[in-house]
Amino acid sequence: MDDIRIKMLTDEDYHADILIEGLPGVGQVGKLVAEHMIEEFGAEKIAEITSIFFPPQVLIDDNGVARLSCNEVYLVNTDGNSIAFLVGDVQSASGEGHYLLTDAYLDIAEELGVKRIYTLGGYGTGHLQEETQVFGAVSNISLREPAEDAGVVFSKDEPGGGIIGASGLLLSLGAERGIEGVCLMGETSGYIVDPKSAHAVLGVLNALTGLDIDDTKLEERAVEMEGIVEKIRELENAKAEEELSYIG
Amino acid sequence: MDDIRIKMLTDEDYHADILIEGLPGVGQVGKLVAEHMIEEFGAEKIAEITSIFFPPQVLIDDNGVARLSCNEVYLVNTDGNSIAFLVGDVQSASGEGHYLLTDAYLDIAEELGVKRIYTLGGYGTGHLQEETQVFGAVSNISLREPAEDAGVVFSKDEPGGGIIGASGLLLSLGAERGIEGVCLMGETSGYIVDPKSAHAVLGVLNALTGLDIDDTKLEERAVEMEGIVEKIRELENAKAEEELSYIG
Amino acid sequence: MDDIRIKMLTDEDYHADILIEGLPGVGQVGKLVAEHMIEEFGAEKIAEITSIFFPPQVLIDDNGVARLSCNEVYLVNTDGNSIAFLVGDVQSASGEGHYLLTDAYLDIAEELGVKRIYTLGGYGTGHLQEETQVFGAVSNISLREPAEDAGVVFSKDEPGGGIIGASGLLLSLGAERGIEGVCLMGETSGYIVDPKSAHAVLGVLNALTGLDIDDTKLEERAVEMEGIVEKIRELENAKAEEELSYIG
Amino acid sequence: MDDIRIKMLTDEDYHADILIEGLPGVGQVGKLVAEHMIEEFGAEKIAEITSIFFPPQVLIDDNGVARLSCNEVYLVNTDGNSIAFLVGDVQSASGEGHYLLTDAYLDIAEELGVKRIYTLGGYGTGHLQEETQVFGAVSNISLREPAEDAGVVFSKDEPGGGIIGASGLLLSLGAERGIEGVCLMGETSGYIVDPKSAHAVLGVLNALTGLDIDDTKLEERAVEMEGIVEKIRELENAKAEEELSYIG
């Protein structure tokens, strides 16, 4: 059994200029954006990746059918753009695996002829916030200005601890292969699945790529989640007042 | 020293249609059922599996004799059924090991000509319950209806986190080799070794396979454990009342 | 760099009938006994073992000189007995390493022509005790009676969790190579380095092997430590009384 | 993808008599000293080391550009001394990796013709102290006297637990290759980045090597940090008094 197994679902000779990564992470922000795009574009699944570095776990679908924890590559050709997506269930369960899996993802990207990667994720702030900034990092300084023009915030302090996992490694290991990379991180509390943050990231991605992806569904989910967040805020305020009255 | 070592105990050319897995897990449910069946059938041990992925520990038997942590394959031919059992002391101590060991188990299954695997386990609910449902998962949608007819419950919400370890991986890695798989998970608190849950799983397995395995011994152990559980409940109730009176 | 490195210190063609293992463990019991024997016999160091599975740490001797965490093999010929000792600084830091290192230790044992291994350790009871039993485990049932005659206690309940690390694995992996093994575990609280427990183990080992190793030094250390233990007991009693007066 | 990747930045044939290691560690003491020296000397970067044993993380520079966690080798020729420096972002995230990376560092050192290694680090005391001793360890007893003459303290009790990571392994694995090694550990609380401790280590290193490195910048940072430490002390005293008044 190979440590990493890539299963191509067809023999067709695919090509993609762009790879968009949205694997699981803080607030599931990247995953929400990438899956939304796959749905909007009706992108086609072309590859499945399984690995002994993934958690040793099968997932059960709504029909009760088990399947291995699995990451997937989708592809779409739209308005002259050929875009691949890297999405899925999991990230590596081990440090070494993160490097080796990213290397495998880049093998696929290189095979597809990818010239640029967008990695999408959340940036956990630890608190609920009104506004959602989208922080960025780039594999090359020349990519910064266009990103800023699209609304990406570059901050000396954020993200302080660097970027952990595939979103970060794809940028730097990709650069070694001559593939440009931009990482977009939507602010998110880190406590909830965050479609509002995903909506903000999609907005920036639309501006940055010239794609014009409909964001209605993400917006609806964001509004819905905002209702839940509002309730959490009320509970927190009530609790804070209670504590104050206790102290007072 | 090989990472995984399979020791065949005879040179005979064995065959089995079915593999039943009952390795250690929540409530030891699968282990109880499989070991009960081995005893009822008088199945013969045909293979031993040891591995550097198992905990680095020897077990001491009642005579003071040490032996390596070890999993075992048993075999029985009964009423036209040839059944293999995978039971033993341990599961993998590492994530990667879970994949590699399951792969080795499937090598044995394939060698035996196994067409279907039943993996048995417990589903931890975190609380003691009166009734014991048996939840299921299948490697293929076509296996669901017969399972439901046998009393297996398929729920969109359970098991929420998927299935961890050999019970899950055998289904999905087995399917890749053309071996069908059904996982049966008896509800169990997760706090105790649970023969009652095992008894429920055995009932479903009897219905599903057409086997007619006597369940008297498991039932007796279930009644015995039920007495213990009843005492735990009484203690919990007493404690809860005490706390209420404290608050009130 | 090899995962495990064995450095033979001379080219001489050594032989040993017996291997006595006393690597670090609960109460350092095995280590105390084996190091005491090496000192009494004036055994000669013949091999050093280092490994990437050991903790990534150097130790500093009293002169300020650093050396790798290292295990060692000593050898002595005495009264017609040829005895090798396996002692040292560490056990494996990983589960897999425990298996692979034990395999390497057995390579050395086999090379030396070892026919029997005694593995020495402590059995942690979690409380201070007056008497020190020496529990045992054997690789083969035929070894039990002579061990019992020498004062070893075989109990169905102790050690409940099996034997972790080299002391256990040497028995079972040794048996696979035709080397007999007896494990001696002195009761110990697990809180202190325990020369009293070591003294008890040495007594049993003397009886079992017919060796007549002077135990004066271990006894002295045991008496010394007993003084410390007595003080701990007094402190515990004082504390317990205090708590009782608080409740009362 | 190789487990450890060494990228030489030029084809030039470099040479260094001395290697000074200052990788991250307690109080960042070694890192502060080595980076200070690189800056003072204007040393040139000649190699980059990346590894799957490093944390799976990219770091973002002030321009928002991502780069792999990376260690680096610098080189300078000054007043007849040729000195290499090993500095960088990280140490190994796994025990095995510590050994394998140190082995790779020594490959570079050997390639450069290094005869002596100074490894620099902090020795965590767990409390703030007025004076900063510099403890030492050597790969060979002959190195002790010159070190003591330079002000290094050799203590039977410090460091009690040995030296963890590259600073220690470089000494002992280096000695195997015939490279001498001295480890200098500045006392530090372990709570803060500690330029005062780094200043003390630099002083000792100057005396030991005959280098005459300007320490003004480190001294300034030490004074600055001392102000912060003073405030921490005041806060602790205030807190201690508060607790005393609470008990009293």
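Per-chain residue numbering starts at 1, and chain names A, B, C and D are given in the order in which the chains are listed.
The rule is simple: a contact is a pair of C-beta atoms (placed from the backbone, for glycine too) under 8 Å apart; a residue touches a chain by one contact, two chains touch by 3 or more.
Everything numeric here is computed off the predicted structure, so don't read it as measured data.
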Path length in steps (a step moves to a chain that is touched) from subunit B to subunit C: 1
Residue-number overlap at the subunit A/subunit B interface, same or different (half cut): different
Distance between chain centroids, defined by C-alpha means - subunit B, subunit D (Å): 52
Whole-Å separation of chain centres (CA-atom averages), subunit A against subunit D: 37
Residues of subunit A whose C-beta touches two or more other chains: none
Touch-based graph of the chains, sorted into line, ring, star, complete or other: ring
Pairwise chain contacts, counting only pairs that touch as defined: A-B, A-D, B-C, C-D
Residue ranges of subunit B touching subunit C (in the complex, touch as defined): 1, 3, 52-60, 62-69, 93-94
Residues of subunit D touching subunit C in the complex: 92, 95-96, 98-100, 103, 136-141, 144, 154, 156, 159, 161-165, 168-169, 171-173, 181, 183
